[in-house]
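By written order: A, B, C and D. Residues from 1 in each chain.
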Amino acid sequence: MKYLQGNYQIMHKQALNRDVYSMIMHCPEIAELAQPGQFVHILPKGFSLRRPISIAGIDRKNGTLRIVFVIKGKGTQAIANLNTGDYIDVIAPLGHGFTLMPEAAHVVLVGGGIGVPPMLPLADYYKDKATVISGFRSFPQVILQEDIEASGARAICCTEDGSAGAIKGFVTTPLEQLLSEGADAVFACGSLPMLKAVTDVCMRNHTYCEISMEERMACGVGACLGCACKIKKEGQEQFLHVCKNGPVFNAEEVCW
Amino acid sequence: MKYLQGNYQIMHKQALNRDVYSMIMHCPEIAELAQPGQFVHILPKGFSLRRPISIAGIDRKNGTLRIVFVIKGKGTQAIANLNTGDYIDVIAPLGHGFTLMPEAAHVVLVGGGIGVPPMLPLADYYKDKATVISGFRSFPQVILQEDIEASGARAICCTEDGSAGAIKGFVTTPLEQLLSEGADAVFACGSLPMLKAVTDVCMRNHTYCEISMEERMACGVGACLGCACKIKKEGQEQFLHVCKNGPVFNAEEVCW
Amino acid sequence: MADLSVHICGVDFKNPIIPASGVFGYGREYEEFYDLSELGGIATKGTTGQKRTGNPAPRIAETPAGMLNSVGLQNPGIDYFIQNELPYLLKKNTVILANIAGSTIEECAEVAEKLDATDVHMIELNISCPNVKQGGAAFGTSCDMAGQVTAAVRKVTKKPLIVKLSPNVTSITEIAKSVEAAGADAVSLINTLLGMRIDIHTKRPVLKNNVGGLSGAGIFPVAVRMVWQTANAVKIPVIGMGGVTSGEDAIELMMAGASAVQVGMAVFTDPYAPVKIIQQMNDFLEENKIASVQEIIGTVQPW
Amino acid sequence: MADLSVHICGVDFKNPIIPASGVFGYGREYEEFYDLSELGGIATKGTTGQKRTGNPAPRIAETPAGMLNSVGLQNPGIDYFIQNELPYLLKKNTVILANIAGSTIEECAEVAEKLDATDVHMIELNISCPNVKQGGAAFGTSCDMAGQVTAAVRKVTKKPLIVKLSPNVTSITEIAKSVEAAGADAVSLINTLLGMRIDIHTKRPVLKNNVGGLSGAGIFPVAVRMVWQTANAVKIPVIGMGGVTSGEDAIELMMAGASAVQVGMAVFTDPYAPVKIIQQMNDFLEENKIASVQEIIGTVQPW
């Protein structure tokens, strides 16, 4: 694994809704290395711990990375306060991303809420071989549907209250449907209950599934053992680390 | 004593030399109350303790106060990073200022280095009845001589190395001279050794002298008893407080 | 408006926020900013038998997310306090906690006895001041001494007696249990951690006393832990403090087990801190539809 | 270039900066950033007799100017360490401090004995980890136990033995004297302070272990005080740590009496922290025309 630390300039900042921001930073060396499913570890000014944020776009030609994040607490608030032209302190690219399957005929990408952004680099990779199911609470939370369509992937948007998208309800409804029609793999990111539900659907349908997990982090590089995640490998439960062994894990191996 | 806390806008910022800044803030309520020798207690962003800075100008008509400060550590650095238009968090006016003597015929104001700025409001008050002796290490440190002259007071500038001003050497040389010619009072601010030397000269010449003292502060309002200063009153030594009983004390009463 | 009132040892507080001893003097200086009646209570500067001058300056040093102080127990003495400060404070329509200290058990008892004859609402016995060489800290770091001084003070007063504990100990629960057994009606914690800073240019400790008490946001996690441990170890109420700077912090300490919360050095950063914290607590309770702040005391659910 | 070398228990360090145990793994992850040979030394993650899984997550909580951790002693066990990590580390041209821990005296001795047969430079016996229920902390908070475990380890190894002390005690100097008497060649301090945070929205402690160890800039004043007290209480060298984030901090700890300085969580904020600190120390020494860093050890002049 290769990663760097540096201060990189923000080229573009955009509010996707009241709480969610998209930022593009110029970091050619990192963009060169970055893979879908990896994350950047951002130091908000004045804080002592960094914040992990998934990579939501990789543009090697322009040497940029994109991130999309929701303001959750003081750290993400501080990052959201940065403006175009400001510099952002990151360590990246970190972690073990999604498996890329050049041979796959059809993959399903499932994102829930702020779990949708990490699906974008995958959509860019699989293009029209991917269907992206995005789930949101309600209309105001819906983000990135145009970006998915621009990638060439098929976009299915669900909202719990039916206020937007084709489907009222959870992501599992279209997922069941798609898997019954056959898919090579499922890649998912979202809340724990959603990931659990997606894993269940995949296991029932005997479809390979990878999910992106979250845990509180310190170092972000695998040194401090802070971000433990219980993983079952060859029948044995062990603590692996989200920042190094993950954030993407084989869904079957995760101990819930 | 009456004082306020608030966030006030910086109307003007100027570098007087590499390390010394002048700032003017719009705070009509405070300007209305402020007296020469009082100070403002500034909270640099991100710090937990405020920084005491003397008032270097009071403009009631425009509702502004001026401060002049040197970058000493991280707190004053943070204040110096503020720009015109930014807001500054202050509690002011604080402390017990210099005695104003409307009847005085001639007073001598002595400032050493960053002790010169608090002399300005006194110069504005006494005008041509004041002589202001300023002492600096060398030419690059010289500040505020035009401001003193603009007040109508006479300005005598000393530098230790003779690189600027009329006098090569310490402030005590012209002070001895002036006191031998007679003066009603001396008001001084500067380093401890300078204040001690000035006090000695005054006591030898039987001239009333007030000096502005410094001490590390927490509350700034007299509640925490942090800024103790040993003062002898009626033969008894006691700890008074720089922020409330001072910063200006009768030089004879200070226990060195 | 949520119900912010709390009741400790039979005393009614309109809200749980109390400026801590030593940061608020006798309240006069902060009356310039707001009405003291807005506060749940006020803990007054530590008072001893005789007038004390405290330690030489510098007494203050800044630290990351906190500060050190070595004020020591500078105060005008109990007689002056009772004559010149207390009557004024008692008119302010807020609970007055008279914080007391002493170098000897006898001194503590003497001061408490004098207070017993006044209308002060509560006595907070500080057995933990790290800035007094002759014994102050020793009381707070030995179960035996802590119990003895508590018992001696208990004997001379019927006032609700809060004993203020030092965090500079291996087991704060042992000390708490020992003062509970000796008759304390409540405990308050934490006092400051013992710390030091050195000016590397002069090679001198920043504080003339060499060491001083560390307070501020940096120590908040230690306060939460000790309040939680102590609330689980004793039956008497716990008053929490140490690094509280927001309503959320105060809520967190109360969930850990505090019945009320003192606010110390946050007052220096923002003189309005105590009243803002009261407002923020109210906002949190309203947003979460909690009718009374009493409902949250000790509600943390450990794993 | 000032002379930054220090010498502790007969071991030569090219500079006094050592990433602290637990924050640096076995160094591999930070080799992406710089050459490990730039460091004075490396303290490895605490190793026990058998493989351990550590505590459940969450194990990390942010605090003002610091963090809590409850990693516990997750590690692959001493045999794995000796076979798979140590040989690699020993090639890195820096001093390796093998940090060890155990639930029992026997376990500590067993681990030390195995290390004695290796080429590791020093053993750092952690008697202070607050995150292990079965005894870890108890060793560090009792003079008697601290002495016993030190003596047992001393018996099985000729390697320079550093004993790492807990700050969660009434008197760190008593513990230090007791491990000195039992044969320690040096002491290192401070380990983390015990702290806690609660998520007020879920009423759950942020850490699954409920409590955890507080480190970071917020505890620096406590570290300075304890290093100063300990350096004055024992004759063996003191290795200082706790909240160091800059070269100035490291200088301050050395003036307080530390012969070398470990850097912990600052590495999380900035992976380059240790090498920047080395550079900043050099700059300070040059500016102040101090030829060797050894000249500043213990030079604080108390009032």
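Throughout what follows, a residue touches a chain if its C-beta (ideal position, glycine included) is under 8 Å from a C-beta of that chain, and two chains touch if they have at least 3 such contacts.
From a predicted model like this one, the values you see are computed outputs, not experimental measurements.
Q: Tell me, which chains sit next to both chain C and chain D?
A: The common neighbours do not exist; no chain touches both.
Q: Taking each chain's centre as the mean of its CA atoms, which one is farthest from the centre of chain B?
A: A
Q: Roughly how far is chain A from chain D, going centre to centre by Cα mean, in whole Å?
A: The computed centroid separation for chain A versus chain D comes out at 36 Å.
Q: Determine the centre-to-centre distance between chain B and chain D, using the mean Cα coordinates as centres, and give it in whole Å.
A: 47
Q: Hey, what residues on chain D touch two or more of the other chains?
A: 61, 65-66, 216-217
Q: Could you check chain B for residues that touch two or more other chains and list them?
A: Residues of chain B never touch two or more of the other chains.
Q: How is the touch graph of the chains shaped: line, ring, star, complete or other?
A: Shape = line; chains linked end to end, path left open.
Q: All pairs of touching chains?
A: A-D, B-C, C-D
Q: For chain D, which residues are in contact with chain A within the complex?
A: Against chain A, the touching part of chain D is residues 22-25, 28-30, 32-33, 45, 53-62, 65-67, 69, 71, 74, 206, 216-217, 265, 267-272.
Q: Which chain D residues qualify as touching chain C in the complex?
A: Touch residues, chain D against chain C: 61, 63-66, 68, 141, 168-171, 193-198, 200-201, 203-205, 208-211, 214, 216-222, 224-225, 228, 243, 245, 248, 251-252, 255-256, 284, 288, 299-303.
Q: Which residues of chain B touch chain C in their complex?
A: 1-5, 43, 47-50, 75, 91, 215-230, 238-239, 244
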